[in-house]
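Heads up, the next two complexes both have subunit A, just with different partners, subunit B and then subunit C.
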Partner chain A sequence: MSPAAVVTGLGVVAPSGLGVGEFWPAVRDGHLALAPIGRIDPNPYPVTVAGEVAAFAPDGWVDPRITVQTDRFTHFALAAADLALEDAALEPAAVGPFEFGVMTASYSGGVEFGQREIERLWRNGPEHVGPYQSIAWFYAACSGQVSIGNGLRGPSGVLVADEAGGLDALAAAGGELRRGARAMLVGGAEAPFCPYAMCCQLGLGLLSTSRDPATAYQPFTGQAGGFAPAEGGAMLVVEDADAARSRGAAVKAVVAGHGATYTGRRQFDQSAQGLLRAATDALAEAGLTPDGVDAVFLDAMADPSADAAEAEAVRLLLGERASRVPVTAPKAGYGRCYAAAAVLDVAAAVLALEHGLVPPTPGVRDCLFDLDLVTGAARPADLRTVLVLSRGVYGGNSALVLRHPESPITGGN
Partner chain B sequence: MTRRVAVTGLGVVAPGGIGTKTFWELITSGRTTTRPITLFDPEGFRSRIAAECDFDPVHEGLTTAEITRMDRYVQFAAVAADEAWRQAQVAVADPWRLGVCMGSAVGGTTLLEQDYVATSRRGRQWLVDADAASPFLHCALSPATLAAEVADRVGARGPVRTVSTGCTAGLDAVGHGARLIEDGKADVVVAGASESPISPITVACFDAIRATSARNDDPAHAARPFDRDRDGFVLGEGAAVLVLEELGHARRRGAEVLARVEGFATRSNAHHMTGLTTEGVEMAEAAGRALDHAGVAPDEVGYINAHGSGTRQNDRHETAAFHRLLGERAHHVPVSSIKSMIGHSLGAIGSIELAACALALVHGVVPPTANLDTPDPECDLDYVPHTARERPLDVVLSVGSGFGGFQSAVVLTKAGRP
Partner chain C sequence: MDTRLSPDDLAALISRCTGVPVTGEQVTDPSRTFDDLGVDSLGVMGVLSELQRNHGVPKDADLRPHQSPRELLALLPGRV
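Take a look at the complex of A and B:
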């Protein structure tokens, strides 16, 4: 990763809040945003608790002409992109015509839109499929609409690297900055709550079937019985450090290193080595050793073997420091948002660096592992370097190192 | 120290035959594979033709368990990856240094549709019956499984990712895969793309925007890029996989280098999700940037593998882009579209075209554009009609456009070039 990639804007559309102004207090205070699923009603499925962005309607965020052409996941991405640009105080027109691009990660695509159109096809016939099916369902819908909506003509991409793709998208954006782009909007969005998307997710066998929002998602505990899924998204403005400096932008964090590995589909016991290797690579790229890690944002699958593997990875990485470096999983409060989950974690980690606070893991008290899992209230800490870990259900393990903007810039290739 | 990227293995599953050799023979023969759809009954659809693969997974060596678990597009990728891996004969000492980067535009749509029909009582039940779903349906929701399956076949433990930028995914997957090597993240990357989009929902969605050809009475001549009488693209399917290897790594083990991947860039038109401008500015920009990255002047390009989908707006857009890129010299550089023979397999085609470009460099032969009988007067370049052409090649450019407004370009160079 280039030492020159810096985060200058955060746009968040999360179950715990729209915009960082709502998101950060909710995350900091361990607010529980999980609730019975409202978007599938009646809900005949065994998964009933999730993180929904219940307050979100596209009006005011998305041009009504575009609203009808797009799925809810793209509405989230467009809103998050607006929020990120506003937070970065960056006018796209102020960046060179081919120097501002978009990189998104996606897991489930525009599946609710797809279900409606495929229903029309099979109920009524092929001529009833609408013209927007071809651009609303596919995984590239968000990168395309964000590019068009904001006039971004630079490099674009879409990574579907499982849930870990969110971190990989940030790394890929860093690669574009090294190759001449000045700014990238990077992130992801998911809207997996329609009947057919739920039907697909049930097959993962990893979702919590608890009916109680307070206990549905309890990673690292003896009650861990799967994760609560979530909808929402996050987009970040990542800029070349020199470009950000020259326009006088406020730098929130430095994206200092990234590592990615693969350890096999549904072989979570193998992910300990995979996460360890990814984290070691990410730290090496940042020019750091594990001793420099001040806090870890965890993947938190809430599957007993996946949790044990992640705890093991942290123990192997940090050695005897593992029991005293604060670790946390804010997503236990709002759910696991597939490819956007890690991007939301990065947003939370950037805010943690900014405020010198490690937010808690909501709803979790009795951590099974010898880790300093922050629970209850946020923990004040002098944060210079934060590590974010992410895994996918199909074997991806990724790690990203974020540094405080006032940390000395080290490392890089 | 710049890390350069060699291609040391190729695998192809395409309409007209399985395997690189059959593929190369087909695309240099000028023969077309477009035909009436057989994968489902297309009665009632506007476009009822496609370029299908005659693919028998048992014959190709997949196990019953694999065939049960894998959607058709994953099966294609597995077979193509196996061929490429066999050819490369590379032993990667450290599996953490072996990566995978695969592309697909619509991923598991075929399985998604099949199971939708089963769980919804043919569209009559919005609250689908989850008990009627296949145990592998979850793999269809996200194409992340595509890269995972390939990774398992080759034993990769490094970065493993799927790229899904619509119809440029096949170029982007190879481009991003090459970057993993350039950036020191991996020494070997298995990169490519796969697609099996010939299902009712995908055919219907292109019907709805009249993007596909309705020349149902003459399918063999339906894909007509740059021809005045074109009426849209013909859907295809298939896969291609390239083994990418750090050049020094390949040289040290004495591997045969088929070509080098030296430049990659993407740009967005920020104009329209499906529409293209007539000026081709972004495609020229992406191609120019990719050539810069390769350290190659536009004057050195010996062949352009066009997107050449066979829609009027694409053909004009691309022609304008090549004029913009090459200036006066544009008229002297052969440009062709193999989609005229094997259709447009969406996310897969970019990788299939890169396989064609690598083979063009190896053999010094430019594949033709079939069905180009009457050139569109607004398309004034040398599109290599009907017949393949011998031509020593050092630098080849492949470009693509995709829904979302994306334009991508990849530069391949001949193995022995300094």
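Take a look at the complex of A and C:
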């Protein structure tokens, strides 16, 4: 049996659009989806620009019985899972229930629901806390509800592994496919816009306090002053290559390799080595060398020392090619949604492979570093291998290698 | 505190707490259980808690999914 995990479906719920039909044109054209926060009103906090999925309401996406039991982050995950299954043309019942699992990454959990119930606890007393608080706030709520809602009883879990957990979830799903699962729904979702969650984020000291959506999130520039937070998420259908082939599925990309390291909280200068090692490990697992990398999707923290470290990692990895391999950070256009940020990057990277285009870094003009950062318009490129980098604010560094389905299948061991 | 609930009021309360659309007619049908309506044990617990908090149902009242909303209606004060 071939060891390869292949992506056959993408489901995206992003500030830039619902579904790949909206998401890809917005990302390709560098559309700016950042705006003043509307969900916290009035907003007493210094962070005012964010990426919100303002058009999304659970009606029509989520069973009303489930809506009252779940937080907004789970509504996103359920909608994204439906979109991914539709994109993959995969009916869950066509896969044995014990061979189809769910793997998500979570950073915030169900914070908005949780805040509402905790307010009831302290304002009115314990008997005023609803029974669904027990399941709605929980990090595993998305994996659980996607599993229940689609009748998936295969190996499932949740990774609470910092922001880079979004890439680690893809690797964990690949592991389940190697152990006998045929299909996995993989991804993550975040809905971190309530006062409690906003206070948690402010403590990071990494969020942009710019009031101008056009300039709030400018990674790799002299104006880099933090990132704009975002809500949303993505789910991917990832299948065993043989299982995908036997049902005649259209393969969008091969998940060829993964690496993860940890370099400590708030030590971004250390993350250069951490990212380098993660990328090298991911390429080795894919059976490739850095020479094979055609484009890099960057983590793009928009913190001066973090940006410098990431640029250094790319330079160390690619050597003299670093100044001519296209690199990009589409999230500058819609914000950074924590554990779902890297999953959205994977979705964008899969679409880039599919369309032969490297999307731009919206709103960024003058890159401070000797990198070929794509700005302005998307750049046509013969993409065979794309590297996705992700870092967590607490020190996780991960890398994922995606390959065009017509590339020779290697790695995944 | 409003303790007087009509069957339609109770149906609306169940819908709000559980997300399950319920009619006043279903609430008065003694043969229809919460299970039949698609309300699970956590849903029943949420409905009962709401009635205990705001509608005068005794704290020691108990209710399970195999029971009917009609039985719940009987727990409300001022009703038989």
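Throughout what follows, the second predicted complex is superposed on the first by the 409 of 413 C-alpha atoms of A that agree within 3 Å, B and C clash if a C-alpha of one lies under 4 Å from a C-alpha of the other, contacts with A are read in each partner's own complex, and residues count from 1 in each chain.
The rule we apply is simple: contacts are C-beta pairs under 8 Å (C-beta built on N, C-alpha and C of every residue); 3 or more make two chains touch, one makes a residue touch a chain.
As the structure is a prediction and not an experimental result, all values here were calculated from the model.
Visitor: Per the contact definition in the header, classify A:P64: touching subunit B only (first), subunit C only (second), both, or neither.
Guide: Once the two structures are laid over each other on A, A:P64 reaches subunit C alone.
Visitor: Under the stated touch criterion, which partner chain does A:L159 make contact with: subunit B (first), subunit C (second), both, or neither?
Guide: first
Visitor: What is the contact status of A:Y394 with respect to subunit B (first) and subunit C (second): first, second, both, or neither?
Guide: In the superposition, A:Y394 touches subunit B alone.
Visitor: More residues of subunit A are touched by which partner: subunit B or subunit C?
Guide: Larger number of subunit A residues touched: B.
Visitor: Please indicate which partner A:P131 is in contact with in the superposed arrangement: first for subunit B, second for subunit C, both, or neither.
Guide: Both: A:P131 reaches subunit B and subunit C.
Visitor: Now for A:Q145: first (subunit B), second (subunit C), both, or neither, which partner does it touch?
Guide: In the superposed model, A:Q145 contacts subunit B only, not subunit C.
Visitor: Between subunit B (first) and subunit C (second), which does A:Q201 come into contact with in this model arrangement: first, second, both, or neither?
Guide: A:Q201 sits against subunit B, while subunit C stays out of touch.
Visitor: In the superposed arrangement, what residues of subunit A touch both subunit B and subunit C?
Guide: Shared contact residues on subunit A: 69, 124, 127, 130-131, 134-135.
Visitor: What does subunit A use to touch subunit B in their complex?
Guide: That would be residues 40, 42, 44-45, 69, 98, 101-102, 106-109, 111, 114-115, 117-127, 129-131, 133-135, 137-141, 143-145, 147-148, 150-162, 165, 168, 172, 175, 179-180, 195-204, 260-265, 274, 277, 281, 338, 392, 394-396, 413 of subunit A.
Visitor: Using the touch rule from the top, collect the residues of subunit C that touch subunit A in their complex.
Guide: On the subunit C side, the touching residues are 16-21, 38, 42-43, 45-46, 49, 52-53.
Visitor: Within their complex, state which residues of subunit B touch subunit A.
Guide: 44-46, 96, 100, 105-107, 112-113, 115-117, 119-120, 122-124, 126-128, 130, 133-145, 147-149, 151-152, 156-166, 169, 172, 176, 179, 183-185, 200-201, 203-209, 211, 265-274, 282, 285, 289, 293, 402-406
Visitor: With touch defined as at the start, can you tell me which subunit A residues reach subunit C in the complex?
Guide: 63-69, 124, 127-128, 130-132, 134-135
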